[in-house]
Structure formats: C-alpha cells, structure tokens
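To start, the structure itself, in structure tokens.
Labels run A, B, C and D following the written order; every chain starts at residue 1.
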Amino acid sequence: MELNGVPIDDTYAEAFPTWVSRVIITAVTEEWAYKAAVEATGFATSAIGCPAEAGIDCFVSPDETPDGRPGYAILICATKKKLKEQLVERIGECILTAPTTAVFDGLSDVVAEVTEKIPVKLHFFGDKYEEQREVGGRTVWAIPIMGGEYIGEEEFGAVKGVAGGNLFVMGETQMSALIGAQAAVDAISGVCGVITPFPGGIVSSGSKVGSKYKFMVASTNEAYCPTLKDKVEGSKVPEGVNALYEIVIDGVDEDAVKMAMAEGIKAASKVPGVTFISAGNFGGNLGPFKFDLKDVLADEL
Amino acid sequence: MELNGVPIDDTYAEAFPTWVSRVIITAVTEEWAYKAAVEATGFATSAIGCPAEAGIDCFVSPDETPDGRPGYAILICATKKKLKEQLVERIGECILTAPTTAVFDGLSDVVAEVTEKIPVKLHFFGDKYEEQREVGGRTVWAIPIMGGEYIGEEEFGAVKGVAGGNLFVMGETQMSALIGAQAAVDAISGVCGVITPFPGGIVSSGSKVGSKYKFMVASTNEAYCPTLKDKVEGSKVPEGVNALYEIVIDGVDEDAVKMAMAEGIKAASKVPGVTFISAGNFGGNLGPFKFDLKDVLADEL
Amino acid sequence: MELNGVPIDDTYAEAFPTWVSRVIITAVTEEWAYKAAVEATGFATSAIGCPAEAGIDCFVSPDETPDGRPGYAILICATKKKLKEQLVERIGECILTAPTTAVFDGLSDVVAEVTEKIPVKLHFFGDKYEEQREVGGRTVWAIPIMGGEYIGEEEFGAVKGVAGGNLFVMGETQMSALIGAQAAVDAISGVCGVITPFPGGIVSSGSKVGSKYKFMVASTNEAYCPTLKDKVEGSKVPEGVNALYEIVIDGVDEDAVKMAMAEGIKAASKVPGVTFISAGNFGGNLGPFKFDLKDVLADEL
Amino acid sequence: MELNGVPIDDTYAEAFPTWVSRVIITAVTEEWAYKAAVEATGFATSAIGCPAEAGIDCFVSPDETPDGRPGYAILICATKKKLKEQLVERIGECILTAPTTAVFDGLSDVVAEVTEKIPVKLHFFGDKYEEQREVGGRTVWAIPIMGGEYIGEEEFGAVKGVAGGNLFVMGETQMSALIGAQAAVDAISGVCGVITPFPGGIVSSGSKVGSKYKFMVASTNEAYCPTLKDKVEGSKVPEGVNALYEIVIDGVDEDAVKMAMAEGIKAASKVPGVTFISAGNFGGNLGPFKFDLKDVLADEL
C-alpha cells in the first residue's frame, strides 16, 4: 500500500479508552484565549507521568461561542476519577486566573450524545459575592475578581473517548521525519474533537513496556531506534529510514481519531524525504481500539 | 511617590521561600526548544493547585549553551521534596519526549553559589543501550530514541529562592490595566533568573486567605475587586481605577526579583491609562521577604 | 442605534473600486506558507505610498489546496495596470524565493465569476530547464531551483473589488480602543475574501484630503484627533472618547466587505471600554460604494 | 576544512556596497512594535525586484530605547537616492500608521561613525498641529493622530554598508538543508547590525546573471540545482547533497556581515543531515567585498 509514493505499513494503531472533557475558553481577543489555553494544557503529554493528557482542539470563532467572543476549545483526558480533579485545577489555576476569560462546556459541539456531567464548582471562590447569570443560553456564575469578572459554566460533559491513537512518520533523515511529523500535526489540528498532546504534537521517544532495569515500567523501544538498527535483533527500522517520530492522538470518539490519522498520513506522505509510515500496537493485548491503516485510508486509496 | 506621572503606592510586596532549579533546553532550532519549554512549564501557575510553579526564564543563545545549539532556560519552583519529582516528570514527559532536545543544568549561570544538587536519572529509560559522554565540558547521558538520541545532564542545581514577588498594575479601564500588565511582563522577561508563572505572566484573580465558605482556604480578594468598590467596606481600589492585574514573580534570589519588579513598574508606568501601581502583602505575617517599592525603585527616583 | 450597549453612529463607510487578485501560497508546512505570505504582503498598507495594498486573507487547509499542502490565500489590490506588475514582483521576489512554496490562483474560490486573467510568466526564470505539468487539475510550471522545484500557475484571476471599506473603533482610553480594534481585526480575519492591510490590521493615523501645507495632498484628520478635541472647531470625537482607531477593509466584492464590517463591529462592541463605533466617508463625493452601518448590522439589530 | 564534521568549501562570498539606515520602532508593547516592524520590512527581499532590501535587525529592550519602551531595530538598504524615498514611505505608511509607535534613528548604536544624515520630514502630516519636543535626549516631532500622538525623529543616519553577504547550506535531504538554513538564520538574528532579507531569512531560488531567454537579466542557477545534477555540465552540487538553500546577509559593515556568516555556519554545521557549506561569488568581478570562509571561521578552526 502506497500513498503519494510512500509505503504505508500493513498494520494498525492500538488505542485505549479514556474519559474526555472539552472546555471552551473565550477572552477579549484570540490571543488572550490562546494564552490561557496553552497554560491549561501544559504538562499533559502522557497520563503515565503527567496528571492528565490535554491539548488545544481548535479555534472557536466568535459566532460559535456562547458569549460571542473568540475562543479555543481544549480537551482534557484522564481516568473518570482524575478528570474531575483536573478540570477543577486546570480551570481554577490556569483559566480563572487568566485575564478576561470565560469558560463553557464544549463537548456537545463535537459529540452526538453526552451522558455524563462533571460538576466544577469554582463559584465558591467568589466568597458570596458571586451571582448566577445567563450567557448565550447557558447558566453561568459571575465571580468578581481584580480584573473585573470571571464568567464560568460549572458542569462539563464527559465521554468515554480514545487515547493513544498514533502514527509513526519515518524519514530518510532526521529532519525529513521531523518536518513530516510536523506537517501531520498541522493537518490533524484541523480535525475537530482530537488533540496531539505531546510537545509540538510529536513524540521523539516512544517506549515499550518493561525494561532490563527491574524498577522501570517502560523504556526506550529499541526496535524502533535508528541508531540501534545494526545493534539489536529484530529492528523494525526499515531500509532507508534514519529517524522516526510518533504522533499520539487522543479524541472524543473513534471517528475523530480515524479522521485525524487519515489527515496526518496524507500530510506526512507529501513531505519530501518521508519514506515510510506506520503505527504502533502491542499485539492487540492492551487496548480495545484498533485503527487499521488500510481502513483509515480507505477513502484515499 | 510617582514614576512617569503614575502614583506608586507606599507599600511592599511580601514573598516566600521556594526551592528553584533552572533547566536549559536546547534543540535543533529555537522553535523546537521553545515548544518543549512551553510544554514543560504548563499547568504551573501556583503551587496551591498546580504541582509546581514554572515558566520560561529566557532565551539562551548558541554561544552560551553547552552544545552550541539555541536554547531556553526554564525555572521550576517547588518545595524541596516536590522539586525532585517535578524535575523528573517535567523533563521526562515534556522534554525527553520532544524532538531533537538536550537538557543541561543552568542554575550556575545566574546564581553565584549552588550548594544543592538534585539527581534526575532519566538514563534508565535507555534500557542499557544508553551511554555516558561529554558535551561542552558536561557529563551527560546519550539515550537512543526513535528520533535519534536524547542528551541529558542528570544533576540539577537547586537553591532556596523567592516565590510570590508581585506587582499590582491598576488602570483607568480594564484594557489599560491589561496592557500595562503585559508591558510589565514583557520587561520582566528581559531579566535573568525570574519567571512570571501565570498565563501570559498575569493574574486576573488575586486571592485572600480564607472565605465565608468554611471549606475554602482562599477566595477572591474583594477589597481589590473594582466591581465591588461601592459594595464592600474598606475597598482598596483607588479613585480612577476600574481594573487591576497582579504580576507574580518567582526568582532565584532577592536581587533578581527586585530587578524584575523595577523593570515591571517602569514599563507599566509608561502605558497610557495606567493610573496606580502597588503590590500585595499580608502584613508581613506570612513571608520573610519584603520588597518595598521605594527601595525597588531607588535607582529610578 | 446600539449594539451590546455601544452606540453605533448613523453614518456610512465610503469606499472605492480597486482591482484584486487572490493568490494561494502552499508550502511543506503551514509555517513556511505563512512566512512567504507575510513577506509578499508587506509594505502594502495604502496605495497612496505603497506599490499595492495587500494582506493575508485566510488559511487554506490541505483539503482545499490544489496540491494538498497547507496554504495561505493573500489578496493583492491595485490599479489594473499596477496589479500585473505587483503580482509579478511580489510572487517573483517573495514567494518563488521562499523555501518549498507553490503558487495557485485562488480567486474563483471566493468570487462567482472571474472574467479577467492576468498572465504572470515566471517560468522564464527556469532558463529552459522548466517544464509544464499538471497539479490538482491546474496547469503549472515546474522550475528547477536550489531548494528543489518551484511550482506555479501563471494566470491569476482579477476582479473589480472594493478598497477602503472601514470602521472607526472609539474608546474611553487608548488601550480600550486599541484592543477593541484588535478584536475587530481578529473577527474580520475569519471572513473570506477580505483583508485589513494596515499593520496588525489597524490604522492609527487616519487622514483627510489636503493640508495647510500646500505641498501635502493629505494630512492628519484633526476632527478625529482626541488630543485636539478642545483645540479645533467641529471636533468629531464624541464625549467619553479618548482614542480611536480605524480599520480599513479591502475585499473582492461588496458582500465580503459588508460581512467583514458586521463581524468587526460585533467584536469591537464586546470589548470593555469601547464607547462608540463609527465609519469614515467623504460625503459621498469620492467613491461609489456606501456601507451604511444600519444596513451592515441589519441582521444583528 | 571541516566544522563539526561538515566540509566547509574553500571559497568566498562576494558582496556589494549598499546604503543602509537603521530605524528603531518603539510601541506600547513588544508585540505592537513587532507588527509595525514586520509591515515596514515586507516586500523587501532583493533590490532587483523590490523597492529596497529590509528586515528586522534585533529587539531593543526598554532600557536601550530613547523613550524607555520596547522596540525593534530594522535595517533598510537601497541606493543612496532610493534610501530617502524608502525611509519616507516605509516609515510614513507602515509605522506612522501603526498603533502607539514612535520612531528613532538607531544607526549610531551599531556603527562607530555616521557621517550622512537623511531628512525624513513626516511632521508636515500634522497639518500645523504638530510640535517639536525632546524625548530621551532626541529632538522629535509629536503629531496628533486618531490614536493619540505619533512621535518621530526626522533625521536618520546612513552608512555605506554591505549587501549580498551569503552562505549556501547544503543537505542530504531537502528538509535537512531547510532546517540547517533555519538554524543559521536563527543564529544570525542574534548578531547586531545585520539582516537576512528573504522570506524567513532564506533564499530557495538563487540566480545567475543572464539567461537563454534574451529578455531575462537573471535566471535559475542550474549549476546549483539538485534536480539538474545529472542533466547539466559542471554541476556544483556535491556528492551527498540533494537540496541547498542560500542565506543572504546585508549589514552595516564588513565586520557585522563576517560575524553573521560565522554564526550562521556554526549553527548550520550542527544540524543533522547538513553535508556541505559553501558561499556564492561571481569570480570577484562584481563586488568589492570578499568574505573568505576560512577567514570568517578563523576563530573556530
């Protein structure tokens, strides 16, 4: 299987369930909404070592936000139990504190049915000076603050979504693979309902389960390390590949992740020097979701 | 006391001790170093609700980094116990995973004497494929990864620094106060050894200790809320002020915080519509550091 | 007439005809397309002193570009005679020279009927090493260059569009007016087929025709200068206004400019401290297009 | 000759004289100064097809600008005759029109002796409402405008500087060469008194003098086109090179250009996949300045 002359591996990405909420942050300008969104989604690459996985989903234009101001939608992904704590802390510490912001539940914009609702009661911060109000058909709390007023909804939808959707972008040189991965991330950013939570959307150091060091639960995936190609048995680094980057995709549902993978593959395949595209799995033992690259690209091939 | 026609309050900022490390992240281009730095310093506004306080200190030019590549220095601030965990997790999850990065201890560039060293042993991730090496006079570990190699020092200096240095920038309108605060943050970003950990460097919702709600340890500081000016007794919002923003400054030592405060005040005082500049304290009961605005500005007045 | 509590002047924006082309620039990543677009649309605020008026219209996703790569659409506006020269020079000097770019005609994406076509024959640069090819259904030239190959269409549609559509955003303080104008520019950037050619989309120094200095054809519009409010007769600076910014809008047709004005006014009216919104005209003597603010906002009021 | 394992060609860059002015643009925040600087330096890659060569030299901190606000220094390069016109038009149309800006002569900050002064009399725009004033020891004009006041010096130093300093960064793949060139441009941006006027600092389509088409004065430099390597005689594309990018450097004097070339070469040589570094000349027939790569790197080798 080839796309734009680049071989596409006959394999699948294996992914896992996660709980996901989607928060719309609005502010006086796009720039201030963006700054809050960046702070609120930092330190959130992998649920292994970070308290959550989070990222910016997409820009939301003034015509689509409840208060008619520009906004950014972010996804926060965690176990159900941790999701509530992370919503409270990331909204409370990174958005309530940011200049001119308001916060709205944005999940129903990208998901057909939302059954769970998570309460995020920040209005107590108002010390009884807060008041309930209606903004764009939503019931919100207005809290007096130094900068003026903070406006926030206090119930956020949550769905069982998908974490760990992924692609491997491989290149003739490290820079070819890197720009290939960047082009994929750019393209995925246009898909609603997904994030690529790693730095700049890219993982440089994909891991395997376990290690020769007993105390490590995960370690470098030597089969995919180009510098170990000739030193380890069973290297999976193909001929003509000297670097590879993984893109991890979390999304609100399988369709969103599938679409993101398709856009990512298409974009990467157009970058000169990208020589192979694959995906990561653990033999189907660990997660219930399988995204076969053939299916993902069915419309393209 | 006035600066550029703006009254400067006769008061002081009260601050607290914190442990601080300084990490230099280098990458193939400035842009990739920046992306890693942003991810590694997110969700880190206040130690109350975030696992650490962190931010970008400054750009480090290729001539000043151990590997001759462009870099960003970040500060991570926490209790001594938490600092180690945060260094491990933020470097391990947000920098080791980022494309083309290397990591070096950067504390001795801004502090005269560093007595504490925190071990951050990420090389076990290499699963015995890692090797020790020397880069720019530093002993580092080279770990084979998908993207090529990750290079990292594994001991980071730590000093007892200062958290909670602060300014209040007040304005005739909300936007005057906001741009005043932004100008202050811009200016502070030029000072080495300090960060402004809140979103875009600015706090919109400064708090007081305690609340009418028994279960809340902190709540909105109504004395500084412009919309409550006529509703609460003892409002501290001066005549002619309709919004205010706080800038919180963490730094490696008192001198760095003092210089940052001076640069911030000077910059804010030049923004049209900024009508008052002050600072926050708790009567000296809580923290050992006092930054009197008169002293801070001694060279200017 | 009021919108979100802000008085909207009972007046109209007066605008003039211009010839407009729309060029889609694609590149290996969004970032490189953007860099070329910025260079190609610089020094292009006003046809009075610049060789053209130009700006970025919008991002074009990989699914919508002829070569499946990310792109930016730019508008170039000039007299019909000058438009050809400006297309040749801006594409030849700022896009052909930029890394990884390709160029396509993008006018028919936003205009129903394009009757004029302007030839832009850059393939002679190929010194007979160039060749014709088809990309995404378009006939293009491929020119061998140092970086690899440049791909370009060589006929660009042109229509008689609209220049000088405008808004005046007025504020209680300079920063309120500035952020109000910025919010308006942000919102206008979401409308297809228009640009705001001034720096950051904003004009700080609107002019009138003529001057007390005989040799000047235009000069500061003292009636709209807040600092001259009490010094000149017939000041048009309303009560409660201490600064104002103009937003100039060029577009492919009247509908696009009208929609841009509506989005701009809506956005500005939501910014705290914006106290009046108006538009500029010359009594209808100079241009054939009149955009009455009442009509522009008919759907909102 | 090798640097970091990359062969450095035994050749020189040939450069030409140009007249140069340096303008410092300040504004209320760094961001607004930057926006004005970008507009003022656009459409300015090559004096062949653009009215000038221009670019951003560097950020100027509030402590170093005459009015204590953040600023950007730009260089404008042209023939002596054209330089005056370009200063008038670029400052008048792109900076005077930008929100909150002021303009100061910045040449003496980077050049020991400035003998020429170019008058740029924009104060006539004030229509006799303007007034002379002193700011930071400089005599300036304050012009009432819609946004408040524009402040500008009206004499700008000019020196005979250097245009066309250059590097060729060559790579194993197109993306390696591109990131190599980007790293070089990043590094050069840290050198005072120089610009890299092309889009993102990089030239993708270097040219030779003359063409097989009689009416063309310049055309693609086929000897340096990787795709023509096997089709033309005397190809200068080395073994192992599949793409190359040129960086053109203009500067206030030979020392600045030399330092920029050194920083650029050092940075590019550290990028994986960069396999050769050279420079362009015309056999010494066209320009008086020769920058021998050996000399440029004397301190490094």
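Keep in mind that, in the parts below, contacts are C-beta pairs under 8 Å (C-beta built on N, C-alpha and C of every residue); 3 or more make two chains touch, one makes a residue touch a chain.
Protein identities per chain, from UniProt: A, B, C, D = Formylmethanofuran--tetrahydromethanopterin formyltransferase.
These numbers come from a predicted model, not from an experiment.
> Looking at A-B and B-D, which one has the bigger number of contacting C-beta pairs?
Of A-B and B-D, more C-beta pairs in contact link A-B.
> Among all other chains, pick the one whose mean CA position is farthest from the mean CA position of chain C.
Relative to chain C, the chain whose C-alpha centre sits farthest away is B.
> Counting in whole Å, what is the centre-to-centre distance of chain A and chain B, each centre being its mean C-alpha position?
The separation of the two C-alpha centroids amounts to 26 Å.
> Round to the nearest whole Å and give the separation of the Cα centres of chain B and chain C.
39
> So what's the Cα centroid distance for chain B and chain D, whole Å?
34
> Considering chain B alone, which of its residues make contact with at least two other chains?
Correct list: 28, 148, 174-175, 178-179, 271-272.
> Write out the stretch or stretches of chain A touching chain C in their complex.
On the chain A side, the touching residues are 28-31, 61-63, 67-70, 148, 179, 182-183, 186-187, 190, 263, 266-267, 270-272.
> Enumerate the contact residues on chain B facing chain A in the complex.
28, 32, 35-36, 38-46, 48-51, 88-90, 92-101, 124-129, 143-150, 168, 174-175, 177-178, 181, 198-200, 202-207, 211-213, 215-216, 218-222, 224-228, 231-232, 243-246
> Would you tell me which residues of chain B are touching chain C in their complex?
171-176, 178-180, 271-273
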